[in-house]
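Shared between the two complexes below is chain A, which pairs with chain B and chain C, respectively.
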Partner chain A sequence: MSSGAPAASGLAAAGTPPSAPSARYDLGVRLRANSEYVAIPVFALLMAAALFAVFLLAIGKSPIEFVNYVWRGGFGTAFSLQNTLQRSSPLILTALAVAIPARIGLIMIGGEGALVLGGFAAAAIAVPMVGVVPPIVTIPVMVAAAVLVGAMWVGIAGYLRYARGVNETISSLLLTYIGIAIMNFFVEGVMRDASNPNKPSTKPIGDAYMVGYIPGTEVHWGFPVGVLLSVALYILMTRTTFGFAARVTGGNFRAALAQGLPVGRLIVGCAMIAGGCAGLAGYFEVAAIQGRANASLAAGYGFTGILVSFLARHNPVVIIPVAIMFGGLVASGGLIQRRMGMPDATVLVLQGLIFVVLLTSETLYGRFAIFRAGDAKERT
Partner chain B sequence: MSATGFSRRTLLKSAALGAAGAALDLGAMGRAFAAADLTVGIVYVGARDDFGWNQAHAVAAEALKLVPGVKVVEEENVPETDACAKTMESMINLDGAGLILATSFGYYTPFVVDMAKKYPDVQFRHAAPLWNKDKDPKNAGSYFGYLNQAHYVDGVAAGLSTTSNKLGFVAAKPISSVLSNINSFMLGARKTNPKAIVQVIFTGDWSLPVREAESANALVDAGCDVITCHVDSPKVVIETAEKRGVKSCGHNASQAPLAPKGFITGAEYKWATIYKGYAADIAAGNPLPNFLIGGYESDFVQNTPFGAGATEAAKAAANGAIADMKNKVPIYVGPLKDNKTGKVVIDKTYGNLDPYLDNMNYLLEGVVGSIT
Partner chain C sequence: MTAPAPTAGMRAPSLETIGMSKSFGALRALQDVSIQVPAGSFHALLGENGAGKSTLVKCIMGFYIPDKGQLLLDGTEVPVRNPKDAQALGVGMVYQHFTLVPSLTAAENLVASRADAPAVINWRKERDTLETFLERMPFRVPLDRPVSGLAAGEKQKLEILKLLYLDQRFLILDEPTSVLTPGEADEILGLLRDMAHRGEITVAMISHKFREVEAFCDDFTVLRRGARVGGGKVGAVSTREMAAMMIGDAVVRPSAARTVAPKSGTTLEIAGLFAENDEGRDAVSGFDLKVQAGEIVGIAGVSGNGQSELVEALSGQRPIKLGQILVHDQDFEPIRDHFDKFKIFGLPEEPLKNATVPTMSVAENMAFRRFDKSPISRLGFWLSREPMRAKARDLIDRYNVKTPSTETQIRDLSGGNVQRAVLARELSEDVDVLIVANPCFGLDFASVADIRAQIMEQRNRGAAVLLVSEDLDEILELSDRIAVMSGGKVAYLTPGAGADRTTIGRYMAGH
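Let's look at the complex of A and B:
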């Protein structure tokens, strides 16, 4: 399991006896050990880039031109950078929806469904309040509805895992399809905005109820919220009893049971945090972008989030740069299509290469003495 | 160069200006293009070679590229989220686009409207009749082709191609434009074959290839010997029909190469007419029309050249129907009843572009199937 390594390293760090000979030396060891988690992914990214360059050369395109356009389209101008950050914000939240359950040993891939239902719940609860209740009250209610509905949705998969032993990967994926169908049922039925005959949607929530952009930028509030939440969840998972208990459960379910940890509550709790994050992403899609709920909510952010979380090795803080990298790739994908005359699938090829190479690189952990030399001395 | 209110081409749609409008339109097409450079950004929701909706636009984009002084930048697979807003913005900021053609329905609200407000010097045109002259920015606008006229022609040919008198229609969602295509196809078929019925299956979404294949198979199993469809990419439906040895009529773009034996004809958009018209207007310094809709009478739709599945009789009847459409002969000759309650839903005869028909929410008698 790919989540094993970081969890194990975290455990080792947390479990270091207080009587270690020298705090400074201990820090050196930890730095050396942790640098492995930077060096190997960087190496893997370079490998993926090299493979992709070969692919580009094979189809007669210039890799240098490609890099240029990735830079220009994703990061090089103020517009591009904001474009990238905006695109990364749903990915941060949906990646968290994968990372948190991964820490407790669950591979939940139901973020898409929670996003769609969360967004739908936010719109559904807002529509009757629009014009009646002021935005200052409505907005928190929308957020709460989105988070709660998302949390419940993935929570179901968590509960089924714990109580009935249902495979959470399959159940969360299937729940996604059910979630999208539920939204479509309402949006195409009783909640449909009759003034919009050709694209079934709920009624619009109106500009006053939208959350808008961070002043002076064109990045919506989902981005800073995602960053803060990533940090908060990192602290939750590494610095609290809840996080410790969750990681113990992820490391060894039976041992956790034997220790008397509330395994059921931990599993459902992590699943609900995950769903809440995805639901929040849905809220921002509705309240910052679409202004209503419709089939466009199911834009695949939930699925891209899986990729982001795996690349970040399910570390909530690492998710931030990885999501930005993905946002940049997608943002520049358009420019690459337009300028280099390459199909949209080009960027998908690159994403696929990165994913495969990074997952393959997991087998390299622990094989290089350079990262362990000090460690080995310490432990003997 | 902000477009204001109505223009010559908008008037074209009003029946009163038939001949005069046609003459002016020819004038626009034949106008020499000035040297003014224009970058046109075209945004697609799917792949440009999807044998369907996107391909129809991409074919027109290719035609537009041949216009001197016009540069075309294209981006495909752009979802109906803020991604499409960012794509448009990127085309403006990084490519210098002066005209944006947003080709997917869900791009309009809020994305095209927002971008048009933000970039008042750029023209935005969107492929669905959504622009509202009271609410929406003047540098935005709509264009749309009444494809149901070409489906009517399909129906006329299909009516003479069936031996079972059962025609199959695979449809995506029961929304107005889809329902109008189904009803028009049925009315065309009844024109040449009063015993014909059209059996419809809704798949529920725009692109569900597996369900589209299942639906086409189910229709053939039920005895339909001509299959047509309204889904984003008709590829699977047409291929399935061909495999099952029945005839087919296309939708959106040309699917003729997919069915060398059974293809009759297909309903196709002719976006090139509109796109070249925009380029000509900009080159001449004229305001772009904000609202541009039409069918055969404006050369906005066409039928795919006849395939091997079309008999001589079907070809003759279809060509006659095309002439009728160009002459604005109405498709919906009232009174017409719906297929559910038998209630009269079309009380009188409506012109082919009458807004009353835009809100169609019923299937007519002669169609077998339900929208709920």
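Let's look at the complex of A and C:
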């Protein structure tokens, strides 16, 4: 927070605004306004939980048992908690891929495609280097390939939006299917590992080239990287001129044009950041989990990430706890399947309910007097 | 037609409200307002924005249920719970903006507006009915052309005809002339007055224009802050007194004097400019204009003749198809570097919509011009908040912006304060070229006077000012030269001093 301002303004920078009344007013107004952004999503979650409980009762299962298994499978033990953090890593990164474009007013849902292509690019570039180039060189190259390919992929949707007015939501979604098809084309064709008769995959990159775990845990490095990236992008969007210009563009496109802001570069830039994040998620899926690129990359993390970002109201820092929550839900899917005799798609039903209720709850903002500072609108 | 209500028929009703009150939360929008509109009269409802005129007519029309008060029609209390009730009682309203379906013809619009339009329409029969109806009317419109092809004056006439066709005999008009040329306005208001005086209709008109009120209305009521503060016969009081009733004790800044400004050649030159509208047609087609330093050039015109597209093209909101813009004889492109280099600033209409991000704070909105420059920006990318707030505090003081703090979202400010915040941002620096579009739209008297004075000050300091406005009085007051824009280009250019309203009106209408 310290801005190193000259002495005169240093006092104010230290958190003592000029006059006490305005400071109190500030805090009160902000608290009220922000509590709305907490209360409504929480209310939406509870609504979705209630609807899901009705669904469970309808198929003759106990909601209490369900909650119990989610806790045990996702958070209750050291093992399950580590499993949850592991699974939340791609969710954080793909949620960032939604949150950053959202700041500039674009709803982009192409994280899954960028994840798949990023992971595939990492594996494809690593395979010829394995055994030839040491890991210390190969790993950064893999990361760069994943980030770049992901960035280009979502960047296409951003460019089409800016230059041709193509709806970015549709184009980013459709690009996802093209991306998955491209990976399958290579993995089932020229890049298929002939020695693996089971599942069409690229050659494995080998343990030496895997990214490994945080010492003493079974959580791979994707989790801390995701957390750091969330914080870094939060700072980028709130505390830099780039973020400021992006928020102006997202908040009022006409005003941004009238200020002569380079809206094209900003839009494509935000789309590329988004794609880079999702591509990085793909890298970690390959280099920390799968060890090779195959159809398992398209596991739906990119789609769950959309939900995470919406629930976090596209705030990069809030994404972290929300992603952990959903990571736990995903992690407990197996346990629920085994113990309650329900397909693991049950968890998808819950996710779908949350999404629908959440989108509906968007209409509730500004409707409750309790969140409004009554005297803010001073009439002159 | 609609079921004949007791008051329907070829007879003008009288209308009266007694003690009407309406609150929205803590805001008392209407306090104990009683007005009387005698049958066959033309009544003017005056007041500033936010004075309660719209709330009053919305209570009469049934859009709002008043908290207290009665509505009397022909002396009998009538319950109006929704707009349908009002329609059944023969009370109709013409809104500021057209409510016709542009792709349908006038005849189709009229028939479709009926509550009892049949599923299968016998057009031959309907045509006959319409023709008979129009014969009784003092004005007609072409029935078979799509409404989108009609001139604004014809559309407004059709809106009024629609009410008469539906047998509404008490007409409420909400600033009906804002979309018309002075000639069209005079014609329509004159016809309505004549109909009223023949006892066919009763009219209540919301207006800002004293000239129209004095020329056409019989009585007037003035509202201020939700209460009735005056009224009576038009002509019994002077314009000055009416204005004083509207403003109350608010301090209105005297208009800035026009001084001899330093002239240093052409500053803004637009040559052969073409720009397309959203439908891909050339809305600006071959626009030429030079604006000297220390001069205000006002662009008059009926809305929809390319003015908004011109402003958008100049301010980077719309691609320039062809043509050249020169500032100080150098090529200008609407990009950020050039805005800074040539010191070009702008005051768009409806600033909350066009010049701010409503959800960002006052301080952030005031920093739009400076956020990427020292001291707010460090190292070319880092945003320092304290210099941003310090700058905002300075501007808030100097421009008298009323805001709880620099961190309040700008959408929580009143219209006048948003306007002042934008003025502070755009006028606090060295201005060479100023592009202004309808700067006073929807503002109260004090704000209007303040903004006009600031524009004049910039001119007196030697800025070249391009003023696009739909308010001819504003143009006549401020401009050194007046250009009439019609069909996307300058149709007429005249010095501001001694400009003739009628001639301007003729060129506005495209003759």
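In this section, the second predicted complex is superposed on the first by the 350 of 380 C-alpha atoms of A that agree within 3 Å, B and C clash if a C-alpha of one lies under 4 Å from a C-alpha of the other, contacts with A are read in each partner's own complex, and residues count from 1 in each chain.
The working rule: a residue touches a chain if its C-beta (ideal position, glycine included) is under 8 Å from a C-beta of that chain, and two chains touch if they have at least 3 such contacts.
Small disclaimer: the values here were computed from a predicted structure and weren't measured.
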Partner chain(s) touched by A:Ala331 [first = chain B, second = chain C, both, neither]: first
Touching partner for A:Gly251 - first (chain B), second (chain C), both, neither: second
First (chain B), second (chain C), both or neither touched by A:Gly158: neither
Contacts of A:Gly243 with chain B and chain C, given as first, second, both or neither: second
Partner chain(s) touched by A:Asn294 [first = chain B, second = chain C, both, neither]: first
Which superposed partner A:Phe79 touches (first chain B, second chain C, both, neither): first
Of chain C, residues touching chain A in the complex: 25-27, 50, 315-317, 334-339, 346, 348, 353-360, 364, 367-369, 371-372, 377, 380-387, 389-390, 393, 402, 404-405, 407-409, 412-414, 416-417, 444, 446-447
Touching residues (chain side chain A, partner chain C) in the complex: 3, 5, 9, 12-13, 17-18, 22, 25-26, 29-30, 33, 239-245, 247-248, 251-252, 254-255, 257-262, 369, 373-380
Chain B residues within the chain A interface of the complex: 41, 47, 73-83, 86-87, 89-91, 93-95, 105-106, 109-110, 128, 173, 175-177, 204-205, 358-359, 361
Complex contact set, residues of chain A against chain B: 72-73, 77, 79-80, 83, 86-87, 184, 188, 196-200, 204, 285, 289-291, 294-296, 299-300, 330-331, 334-335, 337-339, 343-344
